[in-house]
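Presented sequentially are two complexes of subunit A, the first with subunit B as partner and the second with subunit C.
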Partner chain A sequence: MSGDGTPESTPLRAAWIVVPVAVVMVLFIALLATRDTGDAGFASFSLEGQVAPAIVGTTIDDQPFDLDDFRGRFVVLNFFQTTCIPCVQEHPELVSFQNDYAPSGFATVVSVAFDDRPSNLRDFFDRFGGDWPVLASDTGSIIVDYGVPLVPESIVIAPNGEVIKKLRGGIGQNDLEFVIAEWQEANA
Partner chain B sequence: MSSALFGALIIAVGAAASLTGIVVVVLGLVGHRPNWWRESRGLVWIMFAMALLAIVWMERALINRDFTIEFVAHNGSHQTSAIFNVATLWSALEGSILLWSFILTGYVAAVVVKFRDKRDDPMMAWVLLTLFVVCAFFFLLMVGPANPFRSFDPPPGFDGPGPNPLLQAHILMAFHPPILYLGYVGFTVPFAFAIGALVTGRVGEGWLLATRRWTVIAWGLLTLGIVLGAWWSYETLGWGGYWAWDAVENASILPWLTGTAFIHSVMVQERRGMLRVWNLSLVIATFSLTILGTFITRSGVIESVHAFSESGIGPALLGFFAAIVIVSLGLIAWRGDQLRSPGRIDSPLSREGAFLANNVVFAAFAFVVLLGTVFPLIVEAANDDRISVGNPYFDRMTMPIGFVLLFLMAVAPVLPWRKASSGVLADRLIWPAWIGAGAMVVSLLVGARGWAPTLAFGLGGFAGGAALRQVVLATRRQGLRGLVGRTNGGMIVHFGVVLIAVAFAASNAYVRQDTFLLEEGQTASFSGHEFTYEGVDFREYPNRVERRVAIRIDDTQVYEPGTAFYPFVGRSFGIASVRSTALQDIALRVESFPVDDDGLATGEVVIRVTVQPLIAWLWVGGGIMALGTLLAVVPGNRRNPIMPVGAPLPETATPDGRVEELV
Partner chain C sequence: MTKRLASWLLVGMIAVSALAFATIDEGEPRTAADRAYALSKTIGCPACNGQSIAESAAVIARELRIEIAVWIDEGKDDAFIRARLRERFGDDIDYTPSGDGFTSLVWILPVVFGAGGVAGLVVVFRRWKREGDLSASEADSDLVAATRASRADD
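This part shows the complex of A and B:
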């Protein structure tokens, strides 16, 4: 509304100002009306059942990473921060999950760090264990794509690349096993 | 009857009263029966009583932890302390809408009381109709998508999670939202008068002036609300940030910008009868921006740190916004030509010329902010990319605007109406100019570097000098009365703005920040201060465990930043600690507690230290702006304006006279 004509009055019909403003406003409202609402919020998670958004990047060990390379196994995409206590608490569960399922190629964990320095992250994994890809640089777009407002959050992705479920807050190994078993049953 | 049902009933009665009000006023207007709309004030009192009762009912439920109401179950908790129990009302959507509705009906009741002598006037009928429509919208929101009194069946031993921990973190949260809402909602009144004036075509009769004081009060409260919000985020987040150009912050600054433009340009209309359509547009824009801002905040269309406030009322708000825009633009197209005044601005070097420049700059400012806020949506619509517009855009775009505004603030108050001669101007600007130059020299002497902050200090001194000149001249003539009234109060507001501008420039230009890994007993030196880590302390509260780190600054006082873990929420949040002095703030924040191979704490801590000059003056400036607003609404010596304003012109006598009758 800030562009309603010029303040100075000139012998110009009001309609000449109102019409272009009205056109802009109609476009603006149409734009707002057609946008997805709440996809970053707590209320809905629109990705479930859809193909997981692509993630291509470099891990903190300078290895190239492409989420598509993990087709054929379950991926647990774990969003975390080294300074967040629930993230620290759930970490041993992720390590145990990885130890049980990664060697057979059944599943793997992939961590996406929130706003952390690679050196902090390497320290974190040195201390707590865990050997899986960790993405740290340019994670902003991943966080937006996956609609993660706060950490920790884990997103379970099926072998066919479909997003199964988002788990908020700290998780246990059994949560992950349950989600995976449920999906296998439904898709058997 | 369950308490949820009783609450829902209160809302239903309020909604019915507002809808009946619409019908009664419309029938009264159609049948030319003034007594119909006159009597609709009874319905206003019913609406107000219902909103008040609903607030009391909800607060009662929150204080008693009545979990049979879903809102309380979702946001209340036995563990929340008393003050935050009351504040829980506005920690989530439904309660916020309830508070909004209560404030709105309060304003409507005040309008009915204030303008009781005018109640037979058809203009008042249109004002009431507009107000009833806005009230009905908010009551219907509470009947439908934002129902605060949904029922809940709590299992035995149930306890809710409590409000969002970030909102419990600081006492300012108890004040920032209600004051912000008082400001936001206050703009509904001038909007209703604008619609009334457009429909009846009676724009020359001083209605704008009648509501000018309302607008100024709403503006002052909005200002205070915004400053308190900035203070809250500074104290809570502890990384030295107080303004991040976040979508929700932008949503509050947008109506503030158009509202600021209005309270300046309305003076041109008052004096010279010009800019009528423009002023109407500004009032309408301000109100629609409050609704648009609420939509942006509540719908989740734009990524924001305020994501906790998202909900499903987006479509309703957008529809309401669209309706306001359609009706307003239609009315302006219909009436615009008729309302236009024949007057012209004689010289750009005049008070009205300066106000015009002020308006153009504020409109540009609002446009820049609005564009930056919705630009990600435009890009997304065009090519499905998600981008975010960050601080660099806003900083780059708003900095020159800020300089121009400071310059105008220095020059405009000394300009006479109609036309200034350069001799008069030079005479009046000499002292402000010296003060500005002095401010620049002093800032360079104490170590200011960089052209932008130095220029900001110089212009700040210039503008502050102009404000000082006005207040000194006025108090010399009139004693303490020289501090009240629109012009003098306005100059005190300008002081506040200058303080904020200087503090903003200094705190952004000279921020120093670093992180340190400290063992217990170890000391770090940074920016001329010493930080000694003296130990860590665990404190258990009913709803959280705090881990506080004792940091002694310069061998004097101990500050205790830390983290708080909320088991119910499963997350931990930082607790900042700030040492604030007149010249410099030191903000401390715990970044992490390193652990060893076994996951045990090493006893070390990583702290982040942020040192910024002059931060405290941001809040002082905000307080002075609020104080100046208060002084500005106290009636000043209008019949005998003091020199810088110039004697009233003959042609303004009529509108001025009418104002006196109306106010």
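This part shows the complex of A and C:
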């Protein structure tokens, strides 16, 4: 920069300002572009491979419930809400999964209601079917323990109590069978 | 002390006072509810965009507020609560940026841009001062005199 105020020095002076700013901006954009999005940050789930947090409570049928009682079989912990459309849509898949695998003691579904009334839940199961434990009271701590921000979400738990996978959104029976088969293969 | 220097000192004092008021810690929350609220303001709602759980009406935000209150009643400290929530919902739930890795940029960049801004102002003020000290050369004086003379003739 000459500093003599002549017109010839203006482009050079502008370059001294524009080039470093442009370099910083490009580096910043490159950093942001290569970072995970905010959604991915919230989606991170560290329970996989860990022992599932304890769940002790009472079902909507007033039966005592303890997740530890289900050791020895796969558990699909399904977080849902009766007013949630994807939850309604996935429900037949859960019913089918339960019908195929619960009688032999291989696996079971356990539902955790998200801010729902027991009467709504009873109506829901009367209408859409399904016969498995449903937890409705004091489910807030379960939702936090399992890191569930939205429904539907399902968490597959192995017979040894280890969390295998969290499945976000509506699921199908095939998804559950795939996750279980994959775990069995890895632990054969 | 000149009038000009006094006004600059006054501006500086106001700026420093404002910064001090803005950054001084308000102290420990007085009650468990105060502490829960203060913590909730710095925890993001995992089901919302850009809202803290203190201001969100989402179900998960409400459950998190309740759970934080329970943890506080159980004697858990803020570090435990933040760590537990980050473990369950991911790092982005914690609105208090850490000082390492990529997140450290939120601490570094304001300082860098602030220092750059101050340096720029110093350069500009110096140039103004230098230009203000310029005195007219003999040629400049001749030019002004010639212009005045021509206007007087008109």
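The definition used in the following text is that the second predicted complex is superposed on the first by the 146 of 188 C-alpha atoms of A that agree within 3 Å, B and C clash if a C-alpha of one lies under 4 Å from a C-alpha of the other, contacts with A are read in each partner's own complex, and residues count from 1 in each chain.
Here, contacts are C-beta pairs under 8 Å (C-beta built on N, C-alpha and C of every residue); 3 or more make two chains touch, one makes a residue touch a chain.
Given the structure is predicted, the values throughout are model-derived calculations rather than measurements.
Trainee: Counting only touches as set out at the top, which of subunit B and subunit C does A:82 meet: first, second, both, neither?
Mentor: After superposing on A, A:82 lies in contact with subunit B but is clear of subunit C.
Trainee: After superposing on the shared chain, does subunit C or subunit B touch more subunit A residues?
Mentor: B
Trainee: Looking at A:31 after the superposition, I want to know if it touches subunit B, subunit C, both of them or none. Which is it: first, second, both, neither?
Mentor: In the superposition, A:31 contacts both subunit B and subunit C.
Trainee: After superposition on the shared chain, which partner residues are touched by A:114: those of subunit B (first), subunit C (second), both, or neither?
Mentor: Touch partner of A:114: subunit C, not subunit B.
Trainee: If you stack the two complexes on chain A, which partner ends up touching A:22: first (subunit B), second (subunit C), both, or neither?
Mentor: The answer is first: A:22 touches subunit B but not subunit C.
Trainee: Mind working out whether A:148 is in touch with subunit B, subunit C, both or neither, as first, second, both or neither?
Mentor: second
Trainee: Between subunit B (first) and subunit C (second), which, if any, makes contact with A:47: first, second, both or neither?
Mentor: second
Trainee: For A:123, using the defined touch cut-off, is the partner it touches subunit B, subunit C, both, or neither? Pick first, second, both or neither.
Mentor: first
Trainee: Return the residues of subunit A at which the contacts from subunit B and from subunit C coincide.
Mentor: Common interface on subunit A, subunit B vs subunit C: 3, 31, 35, 38, 40-43, 140-141, 144-145, 149-150.
Trainee: Would you tell me which residues of subunit B are touching subunit A in their complex?
Mentor: 254, 257-258, 265, 274-275, 277-278, 281, 284-285, 288-289, 295, 299-301, 303, 307-308, 310-312, 314-315, 318, 321-322, 325, 329, 332-333, 335-337, 340-341, 343-345, 356, 359-360, 363, 366-367, 370, 374, 377-378, 380-381, 386, 388, 563, 565, 570-572, 591-592, 594-597, 599
Trainee: Touching residues of subunit A toward subunit B in the complex: what are they?
Mentor: Residue positions touching the partner: 1-9, 13-15, 17-19, 21-22, 25, 28-29, 31-43, 82-86, 88, 92, 120, 123, 126-128, 140-141, 144-145, 149-150, 169-170.
Trainee: Please give the residue numbers of subunit A that touch subunit C in the complex, ascending.
Mentor: Touch residues, subunit A against subunit C: 3, 31, 35, 38, 40-47, 114-115, 140-141, 143-150.
Trainee: Which stretch or stretches of subunit C touch subunit A in the complex?
Mentor: Touching subunit A: residues 44-47, 59-60, 62-64, 66-67, 70, 87-93, 102, 105, 127 of subunit C.
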